[in-house]
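Please find one structure pasted underneath; my questions will follow.
Chain IDs A, B, C, D and E follow the sequence of writing; residue 1 opens each chain.
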């Protein structure tokens, strides 16, 4: 793939296991996950509902504790990385705090991390511009459409410049047109900032379009069935989706998904 | 409205949930006993828990007679009449928008009325025996129950109602299959609040005239006779009885509204 | 100035005029006392207040004071401004009651809270059970007014000559339509409104002195009140925080109360005491007090006061 | 008619009330006529029932007149009214209402403060969570009116008198709704909102100030409305035994002297006070929630 | 398109207008809608968020009242059609009643419409089989995954065999694989029963794959910008999505959507 000087590993999972204990017995949400993510990679996670995508992302962010195996982030434990504020996390739903304005929401992490007032204002302005929400600073979340809210939540995660961006189906609620545009924006941002991005999606085209690496997962127990390194160039116009390489990768992803289903016997 | 959310027994988990409050209560009783002995508090001011317990054991006859009069005749009948009529009235109020708009604000105003003030009036109207106590209880429980039930009947979301509309279901069918089940958590909330109010109301009413038995009679008479241990014995019975009555409804609630998120383990 | 707190048995009214007069006319100040008068109320037990240290001296009826003493609350009578009882049972004439023999089968209103003792003693003397039934009387715990009689929920209610009786009259019922039984006339009178303190305090000469001055000034107040009922009533009104009392009612009450206090020097009449004790002891199977009390009164204070 | 549902309902209730006055008070009129040995025509009886001095049920206008007389008229013309004496008359409901109000407010502040602190304890401390709540419920099943006189006597004996004992009883009744509401409110943030704070590795204080407290606001205000009405009830209960003024005293002293109209006037004064207090809380609620963007 | 004997018109909208009055002024949700839907057609509605798709479907089902124009269903008014129980409606969210089991939910419309007990059981069994939920009859909604709930709600709408099926983004919450399968099932069902189906979706491939007619809508005010009659055959294997006709229609739909966006100026 990359020819010279492989960038350093940022996230490294080895034999990772996670079992939830519930009333109905244990749920094996992650089984023997082995994965290395290098600095600057854009990794998509795709797989049927309940295969553990969210759980894996949450484990990386130290929101769940693995029950086996090791996970290291920037050479530390996930917990240390979280305390070092290494993560920007975008949840599946926008999850804005309704009592704060859009700007107030974007400032929230900045206040907590102790940025100066001036710095806060400057950063909030910059990220809101980035997600095309200038002019909506003083609005409350419920005064915005679902798509705008989702963009605000992305802005919030970008505001404090974490090295690692974890996004759980950020565009799930959006329609195709808006989604396309945000996909392009995200790619530009990534290219510019060289962040490491973990991205969960249900959409095969989206995964293929965005990623340098696609992780296909399968449920019961949740595990990785395929890891696809994308040969697509960094520069990706929307039209790339009609290219044969694109279609080939999409095909491989779809096959991987289907195999997972059949195996799980649903 | 207001009272709607009051009273939530903690969802206790098994034995531990029972032991912790018992230890807490025992600690308080023990501290009380120590204080009374250490400071030599006169018996006519505050008796020790041990002497209250002794009185509880020796005066069971009197306590039972009082309990039957106050709880059995006054509180229970008032509770049944008050909650029952409020429930039926709520159905009527709910049926007619006009009544809902007109009666509820008035109801809220009347609910703010300090009902204890009505006790002397009801004693004047309904005489000395239990009917006047029941009347005070009816007055005390009617509005909390009404308001909760009316609120409960509107607790369906518009989609649930629209579904019934697409079936072109009749008012009765909608009531039976949608709105009553959906109202149950609110109805039980009302029943629980009223459970604590009923006994208090019956006792209060006895302060303004009564036959020569009953918990309120006993309490106020025995204070005058400086039999404080008897007074506290009655108070203990009242608290136990009130809590048990509350507990019965809480248990029933758990069975009937098992589906409500607040009843599922959190 | 020495401080004294007086706990009344009931709300501010002419029943306690002497103390308010002494306060307003400066008699207490002249004795070097700084007196606080605490009105009573429903469910305030004066003995409890005294025991708790909330007051130095209280106004109470002797039956409940003696009962309290037996209960281990060592209260002692130090003075007795009221020499006669104002208690009575008031019945509607239309009920057909003409004498106590007519009571069985009737419903009678009674005050409780330690005020039921005179009634229970009386019934015990008459041999009438108070648990209802054909040969007994049905007892109601009457509230603080005469409604049960007016609403005809009871055939008779307890009244004081100076207060509740007049409420019945004010309600529009004429004296001819009523039959009254005064405890005095029935021979079961017990002493009312006396002054009581805690026994231990009497060992302290300074306290006795303070009480002597207090009783002296109070009796001065009572005598002035007996002679100037209208002014006394106005003083009571001025001291009524609740603003519930009316002028005419208080003037009339003062007149009636004067009849009960007239002739008192403040000293306890031992004969009346003995009669009260006898009445209370003779309560049949369930007497109010079970044994002849000892040390329940003292003359030291009134003796000191009258020198 | 249909444009003003509340007015219509109030009018209907008043009409019912007037009609009820007749049978409720008729007995007395017939008794009196009987005692006087004369006939009572129906029309006269009806007229009389509306104007009794000690009615079983006073007519609405009697209550209104009493309210007017014992406020404005008393202050303007009374011997001790505001006009003549320069201070409020102790015969006026304004004076007593203010006494009740001050104890209510003090009790409300104590109860709310205590309730909030207790709620924080319950939310942040597992042991408190499991042990305190059942007792908080049990505490509300104790007939406080039975305890009130004793509480007052005990507090008096340690030198606490006046406003504070009443306020303590008021606080006792008002803390409970606040505890229940605040516990719910402080627990209202959903898992995602809490997780967000975790990804920022926010401190406990930050989580409290920036998440739990704001989410609890609607719950807090809902309980404040219940709490302030409860505080008023507590104050009135506390006033019954201490004959030192307040609406509670007016309720009871009306009862001693069989003055039904006075009871009703005091009752309505208390209800108006309660409605006013709840209204003020609701107003503040609307303001605050609006500023927080949580209302409309 | 259809060559012989055009089937009768089932739904006919002429100059339909709907304006919501809100605090911020009127919202013109539907403007001059003209549309005829014939018996047995499968009509998809596609368009950006807020363009009035849901509103139009709700208007057909008599859940909203048009403020202008005419709408007739089976030759009657929408309201009469609703009372004749002509509609099966699947809402955007599953909206199952949490106090009923899955089977209870499916039986709900049957109870209301007075089917016999035996008939109810038989029908519930059949439709639950159809959506692959056999074995989950006795479970409560919250015990199922989101996708399963959605399928249950589809079963509920199918249970009573309404002639007209209105579905508002029924598969929005599902992942691609499950979605594909349900799409196939839906087509089969439609082919078998000859129901008339109105179907809202955000997904262009889904719309093209399922429909005989695609209605493209555009917001502010909500109106129809394009009506595309699909030349695809009734038999549609999943592979048809790679055919040039399919891609051509998809292209046209996408262009229509984009035009709507640009025009609305977002």
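By our rule, a contact is a pair of C-beta atoms (placed from the backbone, for glycine too) under 8 Å apart; a residue touches a chain by one contact, two chains touch by 3 or more.
Everything numeric in this text was worked out from a predicted model, so none of it was measured.
Student: Using only Cα atoms to place each chain's centre, name the chain farthest from subunit E.
Tutor: Max centre-to-centre separation from subunit E belongs to C.
Student: Please tell me whether A-D or B-C has the greater number of C-beta pairs in contact.
Tutor: B-C
Student: On a CA-centroid basis, which chain has its centre farthest from subunit A's?
Tutor: Looking at centroid distances, C is the chain farthest away.
Student: Where the CA atoms of subunit B average out and where those of subunit E average out, how many Å apart are those spots?
Tutor: 49
Student: Using Cα averages as centroids, what's the distance between subunit A and subunit B in whole Å?
Tutor: 52
Student: How big is the gap, in whole Å, between where the Cα atoms of subunit C centre and where those of subunit E centre?
Tutor: Here the centre of subunit E sits 86 Å away from the centre of subunit C.
Student: Report, in whole Å, the distance between the mean C-alpha point of subunit C and the mean C-alpha point of subunit D.
Tutor: That pair's centroid distance is 35 Å.
Student: For subunit B, which residues are shared contacts with two or more other chains?
Tutor: Counting only residues that touch two or more other chains, subunit B contributes 45, 120, 124, 207-208, 220, 223.
Student: Going by the touch rule set out above, which residues of subunit D reach two or more other chains?
Tutor: As it turns out, subunit D has residues touching two or more other chains at 56, 149-150, 153-154, 157, 252, 255.
Student: What parts of subunit A, by residue number, touch at least two of the other chains?
Tutor: none
Student: For this structure, enumerate the chain pairs that meet the touch criterion.
Tutor: Once each pair is checked, the touching ones are A-D, A-E, B-C, B-D, B-E, C-D.
Student: Which residues of subunit B touch subunit C in their complex?
Tutor: Contacts found on subunit B: 42-45, 120, 123-124, 127-128, 206-212, 217, 220-221, 223-227.
Student: Can you list the residues on subunit C that touch subunit D in the complex?
Tutor: 11-12, 38-45, 48-49, 52-54, 94, 143-147, 150-151, 167, 171-174, 177, 240-244, 249
Student: Touching subunit D in the complex: which residues of subunit A?
Tutor: Within the complex, subunit A touches subunit D at residues 58, 61-63, 82-83, 85, 87-89, 91, 93, 95, 97-101, 108-109, 111-113, 140-142.
Student: Where on subunit E is subunit A touching in the complex?
Tutor: Within the complex, subunit E touches subunit A at residues 48-50, 145-147, 174-178, 202-204, 254, 257-258, 261.
Student: Considering the complex alone, what residue numbers of subunit B touch subunit E?
Tutor: Interface residues on the subunit B side: 157, 159-160, 162-169, 173, 177-178, 181-182, 184, 257, 259-261, 264.
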